[in-house]
Amino acid sequence: MPHRWAGRREKILDGKERKQSMSKTIAVTVWNEFRHEKTDEAVRKVYPDGIHAAIADSLGTQEGIEARTATLDEPDHGLTEEVLRATDVLTWWGHMAHQEVADEVVERVRRRVLEGMGLIVLHSAHFSKIFRSMMGTNCSLRWREAGEKERLWNIEPGHPITEGIGEHFELPHVEMYGERFDIPTPDKLVFISWFQGGEVFRSGCCWERGHGRIFYFRPGHETFPIFRDENVRKVLTNAVRWAAPRVQLPDDCPNVDPLEPLR
Amino acid sequence: MPHRWAGRREKILDGKERKQSMSKTIAVTVWNEFRHEKTDEAVRKVYPDGIHAAIADSLGTQEGIEARTATLDEPDHGLTEEVLRATDVLTWWGHMAHQEVADEVVERVRRRVLEGMGLIVLHSAHFSKIFRSMMGTNCSLRWREAGEKERLWNIEPGHPITEGIGEHFELPHVEMYGERFDIPTPDKLVFISWFQGGEVFRSGCCWERGHGRIFYFRPGHETFPIFRDENVRKVLTNAVRWAAPRVQLPDDCPNVDPLEPLR
Amino acid sequence: MPHRWAGRREKILDGKERKQSMSKTIAVTVWNEFRHEKTDEAVRKVYPDGIHAAIADSLGTQEGIEARTATLDEPDHGLTEEVLRATDVLTWWGHMAHQEVADEVVERVRRRVLEGMGLIVLHSAHFSKIFRSMMGTNCSLRWREAGEKERLWNIEPGHPITEGIGEHFELPHVEMYGERFDIPTPDKLVFISWFQGGEVFRSGCCWERGHGRIFYFRPGHETFPIFRDENVRKVLTNAVRWAAPRVQLPDDCPNVDPLEPLR
Amino acid sequence: MPHRWAGRREKILDGKERKQSMSKTIAVTVWNEFRHEKTDEAVRKVYPDGIHAAIADSLGTQEGIEARTATLDEPDHGLTEEVLRATDVLTWWGHMAHQEVADEVVERVRRRVLEGMGLIVLHSAHFSKIFRSMMGTNCSLRWREAGEKERLWNIEPGHPITEGIGEHFELPHVEMYGERFDIPTPDKLVFISWFQGGEVFRSGCCWERGHGRIFYFRPGHETFPIFRDENVRKVLTNAVRWAAPRVQLPDDCPNVDPLEPLR
């Protein structure tokens, strides 16, 4: 009894097609819900043009990276099929309005990641619909806002994401996230954080889902200038390069003929 | 700026409580969409009382296992909060009516798995909402219905799920599923299938999500008597025992005080 | 051109044989190099009969566990073929005399682990020949002896090794081990440590190699009474149960006949 | 009580140093035991200059790759400290003389891999000392020499090693290797083989150990012209690029001062 999926065959690009299909310049779309910057004076002071602007400004100056932005209140949250089609890597910041992101847009993003687009999930976006739907878990954690010190330990000095980062780096004032972080075991764990208040956290986690790569990076906050920190910026730049698509393959569930005789 | 989640602390059971909270007998709920058995004569011949009855009959005779059934057309698909609360391991068969399963019930099942309930996903249920939502991927594959031979190779002879299974076992007539199977890399791969027509498949895959265990098992069909095969029955029994809850922990995202002084 | 290995076929035990081949009581051999206890007054004060005695005394009182000891200066380091054949789980403490352990004995232990025996590696035994040979890596780390506080975070509350352990536990005075710990990515990471001096560490790591299970557990020291701590003892008891053999299979590289006709 | 390792601190290269320390051209050393080519007429016919020459000829014509060779009967097996220091990726073929490789050279190679050098292990080298010592397992398997057909399924079309390879490729006449392959679970499994005689095999396996990358690739034989096959050559070229060092870090186990005050 056949499934109801059409029998299209998966298309594998050969080397040349691959390179052509992937622009040399990595096109990043920096997404932000862009809400507390509008309503909260303390946030506006740190990020007058929004967190997305700060991230895009930093990424956009990097060689081989081109960054634009999209926000929740734009039509389709700024993430139309067309925009996503032209996006190599999507970075995601959300905090207070996760529930306002339309399921349809989440599904559109998820499909693109499975086809090969990179996804970088920042700080409080651990609770975003897109991250939770790609992980399959709750993505819960312990937290505290006390402006304490964090030290991120680099446990994979050979990984592209930690290029140029030493044995560890510090952030003087952060919101704390502590274990247990409810995620599937990462394919690769690159940072573990130490917090002054006594907790630890898996702060840099890599996964592959479908043909896409996903990186969760813990640092970030709306009133601490985390996205102006040089090490954080370096990690984000590295993560964008790491998550850039290696292939772009639509989903397919083909009904196929045998390759060998069935006696 | 605080999250909006209440600050309940995660409750960890100590050894004694754990054992008490988990009944000695493993309570299995065998779920079936139970559709083609009603409409298709060929299916009815093989499974006159439905696939669920065949699976539950087999599991129910095993020591320490107690099996009941639930089907799509019951209220709440037979999967109320109460039923799930009393379920240690849920087995899932679906094929032609995946889209009719209510999102609310899927979410209820998913939450229970993350709390610790086991989930066993059978054959065509690779495309079920519950499996796809827990994997985060499309779960697509190649397929063919030609009644060919399958040989499952046991690549983890020490794993509880392969207990009593030799180096390999055969099924004379099956629907073929071939790679690439679009799933996250399994935590443990226990069976790889060889097909007469020339394909291979990761046929027994284990994952942990939250506190629950998930096993995908490829064999199964509505017109081949796969669920009457002795090796298949042995694997299902083993899988139920492997997936039985070790803990039951509700989701939680607590706001916590520091454990060390913040100077 | 044939390999030179004899063509014995791998023997898979069926369920009943498995259970018979594995004694109901788990036989643990607690190994200790037993050197600094003899020469260092400070060590002798904490462990007058040696670290092995303290560990064996604790394990031996647990239901279903039977513990004996073996030490470096016994013939064959107390680890003859006969002893290993009768051992279900081996725990290993070494510190100053790793190089004195005979390669032949290391190879004998390694072979038994690959056949199914459990191995629990304690603290400074990260640099033991047996651990390094099973990991394939250097197993280096950062360290400091300052008697500081350690807090171990339980990141897998559903794992058998953390049964009865809460969200975290503390050790008031320890030698610090910090990242980067040069190990293969663990199959399962169950504890991450926070140290007062600012470091973190993957303190409870699980691997499977061949048919055996390996657990590395960081806590332990020769002058701090770590092995008298209630939580440490609970973890060791749990780890012994987790690592108990599920199967016992000798190595084999058989030359086999085809299962299908080769036209 | 201190360890006896000197307290050198690990040196992390910054981005610029990394790039400088890694030559733009990837320097490959193709190692071959080079024995049956000398004594066996059938082998000489297929590989008159040795298997190493065939592999090096193919790799050496690829853009950005420079290949030289080394063989067992050269002094130090052609693998002096100097040669290894100048090698980015080492490919390894051995079959009948694994035991003649000096332990000292194996240890030298292993140390270099852990520092960052890539290692590609071919076919019968599953039983080489270097592969077994890096895996920690026996690396046994089932085998048969009957000249049957093999089909390799590409299960990671987005992985750099499968670039330009379609859904699958075939080798008309091969020696069969079948499961269970006694290896640690690969970090990434990229090929699964189907054999005419009824077996399956994990034919393309990736691991990271220390800072180095390891790829095991099943195809290869001394009397079948496998290394002249276009797909095999493509995979080897891709594997060399994938395994090229990203960093070069000597082993270190530093005694460190606290980063935070110890009250």
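Labels for the chains are A, B, C and D, by order of writing; each one numbers its residues from 1.
Operating definition for what follows: a residue touches a chain if its C-beta (ideal position, glycine included) is under 8 Å from a C-beta of that chain, and two chains touch if they have at least 3 such contacts.
Owing to the predicted nature of the structure, the values given are computational and were not obtained by experimental measurement.
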Item checked: Remotest chain, chain A as reference, centres from CA atoms -> C
Notebook entry, point to check: Is the C-beta contact count larger for A-D or for C-D?
Noted result: C-D
Check: Hey, what angle do you get rotating chain A onto chain C on C-alpha, to the nearest 5 degrees?
Finding: 180
Next item on the list: Starting from the mean Cα coordinates of chain A and chain C, work out the distance between those two points in Å.
Entry: 37
Next item on the list: Averaged over CA atoms, how far is the centre of chain C from the centre of chain D? Could you give it in whole Å?
Entry: 29
Checklist line | Rounded Å distance, chain A centre to chain D centre (Cα mean) | finding: 32
Notebook entry, point to check: Which residues belonging to chain A are in contact with no fewer than two other chains?
Noted result: 10, 151, 154, 157, 167, 178, 180, 185, 187, 196, 198-199, 208, 259-260
Next item on the list: Using the touch rule from the top, collect the residues of chain C that touch chain B in their complex.
Entry: 9-10, 12, 14-15, 18, 116, 151, 154, 157-160, 163-167, 187, 196, 208, 211, 245-247, 249, 259-260
Checklist line | List of chain C residues in touch with chain A within their complex | finding: 151, 153-157, 167, 178-181, 185, 188-189, 192-195, 198-200, 202
Item checked: Of chain C, residues touching chain D in the complex -> 1-5, 10, 36, 40, 43, 95-96, 110, 114, 124, 127, 133-138, 140-146, 148, 176, 178, 180, 182, 184-185, 187, 196-199, 207-210, 222-223, 251-260, 262
